[in-house]
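Next come two complexes built around subunit A: one with subunit B, the other with subunit C.
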Partner chain A sequence: MKMGYRKKSMLAGYAFAAPGMIFAVLYMGYPLLRSFYLSFTNYNFAFDSQPALCGLENYINMFKDSYFLDSFRNTAVFTLAFFPSLMILSLIIALLLDKGVKGSGIYRTCIFMSMVVPLSLTGIIFQWIFNNQYGLLNSVLTQIFGLKSWTHNWLGEGKWAMFSIIVVSLWKNMGMLVIFFMAGLANIPDDIIEAAKIDGSNSIQTTFRIILPNLKESYIVCGVWAIIQSVKVFEQPFVMTNGGPGTSTLVLYQYTWQNAFKYYEMGYASAIGYFMGIIILILSAINMFANRDKNVDEVKSKRKRKGVVSHAE
Partner chain B sequence: MRKESFRKMTAVALAGVMTAATLAGCGGSAKKEVKGGSAKTESNAKGDNNLRVTVQAWMMGKYDFEGAKSSFEKNHPGVTVTYNQVDNVDVTTSMLEWSQGKTSCDIAIGGDRSQTVPYASNDYIVEFTDDNFFNGDFTKDKFYDTFLENGNIEGKQFMIPLLGEVVGIVCNIPMMKEAGLVDDKGEIIPAKDWNELYEYAKKLTKDGQTGFGIDWGANMMLYTYEACLNGVAGTIFKDDDKTMDFTGDKVKGLMETWKKLVDDGYTTTDVFADMDANRTQFKSGQLAMHLAPASRWIEAGENLGAENVGVMPVPGTDEHGSLNYIHGMVIPKVSKNQDLAIQFMKEELLKDSFQQGAINGYGKMSPLKAHYDNLDNKYWPEVLKFTENAITAPLYKDTTKLDTYIQTEVQQYLTGAESVDDFQTRMDEYIGKLDLSNGMS
Partner chain C sequence: MLSKKKVARFFVGLILALISFGWLIPFIWTLLTSVKVNDEIYTNILKFLPSHLYFGHYRSIFTKLGSFFSYFKNSVVVSFWSVLFNVIFAATLGYSFSKFEYYGKKIFEGFIMLVITLPYVIYLIPIYIMQSKMNMIDTNLGLILPYIATNLPMSVFIMRGQFNGVPNEMMEAARIDGANQWQTFSKTVIPVVKSGIATVIIMTFVTVWGEFTYARTLSVTPKSQTLAVGITFLRDEAASWQYGTLTATIILSLIPVMVIFLSMQKYFVKGIMAGAIKG
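What follows is the complex of A and B.
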């Protein structure tokens, strides 16, 4: 029997998707399932011939492990500082670049150039810049601005080490989010903005009442991306401070790496990895929920609760 | 219609080729776990005459590997030597390969026995015996015992040292002279103890010059602690002769001196972030004394002038011995070129001319005693003295965890985040939880 057009079209689609799907299943699906299984086992890759099931022991032991708790705390601190800073700064820069100020081409190049530098190289360069003895930053502060009191051991003192890592991460990641936001800004129809101007809206009102609310899809995309970058931070603390001094910049990703590739404890590392995955999922879900499209009834009931009277009603 | 059929067929064919390529790339022959017990020592007759050597990239710059390759190929027509440069010792990759009966190398160079134990416990590497290696000009007595010990596990030699390092204090002689710390002959007056060393650091610190740098970086923390502790206490162990000691007055005294050096500004903590910070500062003439692998003394001569750099023992190590470590060579049992590999090691990698270049240029110590007969630098006898008595790092299954813990706790202590009592208590707790067996069983 001759195949219908629709069925043929479906088969063609599957045929094209097949290589990618096989790749995804083999290189992503299988490792996911395997590491999920390993997270319930004790397995030292170097010394054990087979994994041994241990139930939830790895997940329970995590919360008794001071190094895990330190890395969890540090990741939370990093996320809380990095995520909002990244979103706000990137949005501001995108708005400024979108306005087309003089020299925006050069500013755009400067912002985007940070994206092409590999993360590990970024870490090495900034390690030199932040060096206490001969670093560029301390030299500039002392010799050019005469601000010796502002100099610090940027990578050798706990709080300043985390601050330095946040600054470097912002420098590195801003470019990507600026691109996303600029794409979102480009999608806002000019008619709405013109209409607002005709109605007498000034630039601040236009920005806050028209432009920002229309960037909802961008917030979702940028938010998810920024959350992943926050929770998965690794190269900067690894290269710049190796998690030190002490454990002040030890993050979850590095601790997972240490357990997997330094101690060969694959079971425990898998458990920490899955814990990180759950955190990312929860935060992404919160981000999507906060930026969801609210329908009219939901908005009305919210206003009623707040006691706002609508003329339209 | 014809065009459309052609397009569909092309699309299906393309999808099929891509699928097949993906599957071919992912798959392999049926995997058989090859336990070393069943793997026989292959004779060279079955090899393919392509000797593959995995080398850490930094070694290529310090040793004449290309010269060794040319020489070996000339002396063994038909044999090709191929180098594969790697960044670091990669136990995971080697374990994966060798467990599947495959290998990308016939000799793997780098690391010491702590990285070798996983291979040895799974019977993946060749044991070097009197029959296959320690004969002729390479009997065990021709080697420094301390270097050989670093490749020995439970009495079996699984690793042959290519080079050795020993911990000492490298000194900038003009700075020491200016501070009155050299004798009439212009030689450094070694500090007898840590109090004296503190005074040295105090005299040597001034604007633009740091008195003393101690290698507390990620690569050296454990070695530094072991060398210093052995110097002050004559041992690094508790009474059971197995558990590393972090308690007791000697440890407390050592740690408090370190803290005082940091607090008073005579030592920096830049190595916490950049493990090469002290090395860079010393070579650029901004650091007077550097507690580090003694080879830095020869290396710095290139920048500062050989006559301006000297070495002295870490206090107490001239009597008790310092700490040494190696970068060694292993041969995987699945290699089909084992005999050829051993020949290459003996004929090229351990020959005088190959080792001399690195000794004289970079201070990398040869494991063979004969290579020290005609050395120029006057500090070699001093270095050899605290090498001969040097101890080796204990072999624990959980050495990597101990390495991380000690880095963390020393950094916490030296930055003021915890007291010395906390440091001692926590380290003692940590080591109590670790597996101190050697990992072979």
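What follows is the complex of A and C.
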């Protein structure tokens, strides 16, 4: 008996996929379904032997829970401040690095280096820098710039605690987005930039008219990544302020974690986790829609109307 | 006379230099704090450089903080096994996605796409329940297994992109020479995607070395805690007034990732760039 080549190749495909897929299904696929089920149950892991179905109760109770509403608001505030500043700053740095001035290699290394510092340690380092009494930031403000009125108890005042967490997150996450944008910049064909130069456009015009509109793909990749980083912010507030002062830096992820592993309310925690997941998916979809490639669609639809069969398809 | 272009380039360089310096401040300040005597750490008079190099904080790690070495050992063990298996599985799965056609492949790929976007706490809850029923909480294995899985999606996308760049003719040629599927993969294809493998190794290592949420939940005593979690407990014990020792432990725990990153930066950046375009 001889198997056909096609069938043999399919078997090989499954065989190569098997070890990885088994792990992914066991540690992500099964948990994905399990916590979806748990989100519709009452299940306190410390007291209940079995989860008890309760319908949509968890999802409804959420919106009556003032801690949840606080953490939802704080996550929204963080996202609204962090997302645009991360996108804009990393795009600017990528554009500057793309100019290829002397020393760019060293500057790149400096900016990328923060990526490899564990987030929890980043938190401790910045806790020290933001320290009210002996911190570097307050000392520099008073003793070098003479701006005593600018000093704050950075992590002890609600508004400034959130600000500090945003600064830390920018320091830690910028490198990744700079690399993403650099990839997009490297992908723009040189000839269109050359053509613009020959037509007499200066470098600012080239940047705004040619380079930025041609980065659509990067906006999608960077956007999705930045959305995930914003909505699931956790370690920075957990390590630096533990949600405080009060609930001013309590975010959704930490509230989920607290419910699950401090109070063992697995059902309620799963529901909040899924709530977060849905928000990420909605924001990603909006981002994808906003950056969809309109020009290509027009060309394609024109081709279809004229009945031209493209060879690529 | 200076040309306009030269002036512009000078300013670009100046801005970049300032940003880079700003980015380095936390590193420099941590390092400086770790070699200062306590009187110079806790002072209201700003002084950047220590008056003399003091290594007492490093010494006190060795004499007082026994658990530091436990954390360090756990980080090394957990990182080593997670990275090893993650690379193997990412290579085979990425190869399968890139070079084979079979029923259900689209579903597999869609699944990998979906799990990467959702917050990982969703998986953590059932994993915690599962592991506490199997008595796997607070073991190194209990961290390694989830880490292999949670790092797979990113690594698979990088590897799939790499395999897409390998021409099919190469595999055909190997097959005509009589190699079976496994030999084709291990002897012909893998050597071509070496740089992709390097990227996956660095990425996974950096992620696992710094992972906090899973480690904080699935390990509860210094017996199995990793550095990223353990040091936050050291901070709580020290009542936050031991910044000298704390910064010294941070510096020591950063050395492995820094060495890997600085020596393999090229692969790191190139690999992510390739993934960002094809992904």
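Rule of thumb we're sticking to: the second predicted complex is superposed on the first by the 293 of 313 C-alpha atoms of A that agree within 3 Å, B and C clash if a C-alpha of one lies under 4 Å from a C-alpha of the other, contacts with A are read in each partner's own complex, and residues count from 1 in each chain.
The rule we apply is simple: a contact is a pair of C-beta atoms (placed from the backbone, for glycine too) under 8 Å apart; a residue touches a chain by one contact, two chains touch by 3 or more.
As the structure is a prediction and not an experimental result, all values here were calculated from the model.
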Side-by-side fit of subunit B and subunit C on subunit A, or clash: clash
First (subunit B), second (subunit C), both or neither touched by A:163: neither
Contacts of A:23 with subunit B and subunit C, given as first, second, both or neither: both
Touched partner set for A:261, first subunit B, second subunit C, both or neither: both
First (subunit B), second (subunit C), both or neither touched by A:112: second
A:144 touches, of subunit B and subunit C: first, second, both or neither? second
Touching partner for A:179 - first (subunit B), second (subunit C), both, neither: second
Comparing the two partners subunit B and subunit C, which touches a greater set of residues in subunit A: C
Partner chain in contact with A:59 - subunit B first, subunit C second, else both or neither: neither
Shared subunit A contacts, counted only where both subunit B and subunit C touch the same residue: 12, 15-16, 19, 23, 26-27, 45, 127-128, 133-134, 261
Sites on subunit B touched by subunit A in the complex: 8, 11-12, 15-16, 18-19, 21-23, 26, 91-92, 95, 117-118, 121, 210, 218, 268-270, 272-275, 277, 281, 286, 397-398, 400-401, 404, 407-409, 411-412, 414-415, 417, 439
Sites on subunit A touched by subunit B in the complex: 8, 12, 15-16, 18-19, 22-23, 26-27, 45-47, 67, 127-128, 130-134, 153, 155-158, 161, 240-247, 258, 261-264
Of all residues in subunit A, those that touch subunit C in their complex: 9-10, 12-17, 19-21, 23-24, 26-32, 34-35, 38, 45, 93, 96-97, 99, 101-104, 106-129, 133-134, 136, 139-140, 143-144, 171, 176, 179-180, 182-184, 186-187, 203, 217-218, 221, 224, 228, 231-232, 234-235, 238-239, 253, 256-257, 260-261, 266, 269-270, 273-274, 276-277, 280-281, 284
Residue ranges of subunit C in contact with subunit A within the complex: 8-9, 12-13, 15-17, 19-21, 23-27, 29-30, 33, 41-46, 85, 88-90, 92-93, 95-97, 99-103, 105, 108, 111-112, 115, 117-130, 132, 145-146, 148-150, 152-153, 156, 181, 185, 206, 209-213, 217, 227-229, 231-232, 235, 240, 243, 246-247, 250, 253-254, 257-258, 260-262, 265, 268-269, 272-274, 276-277, 279
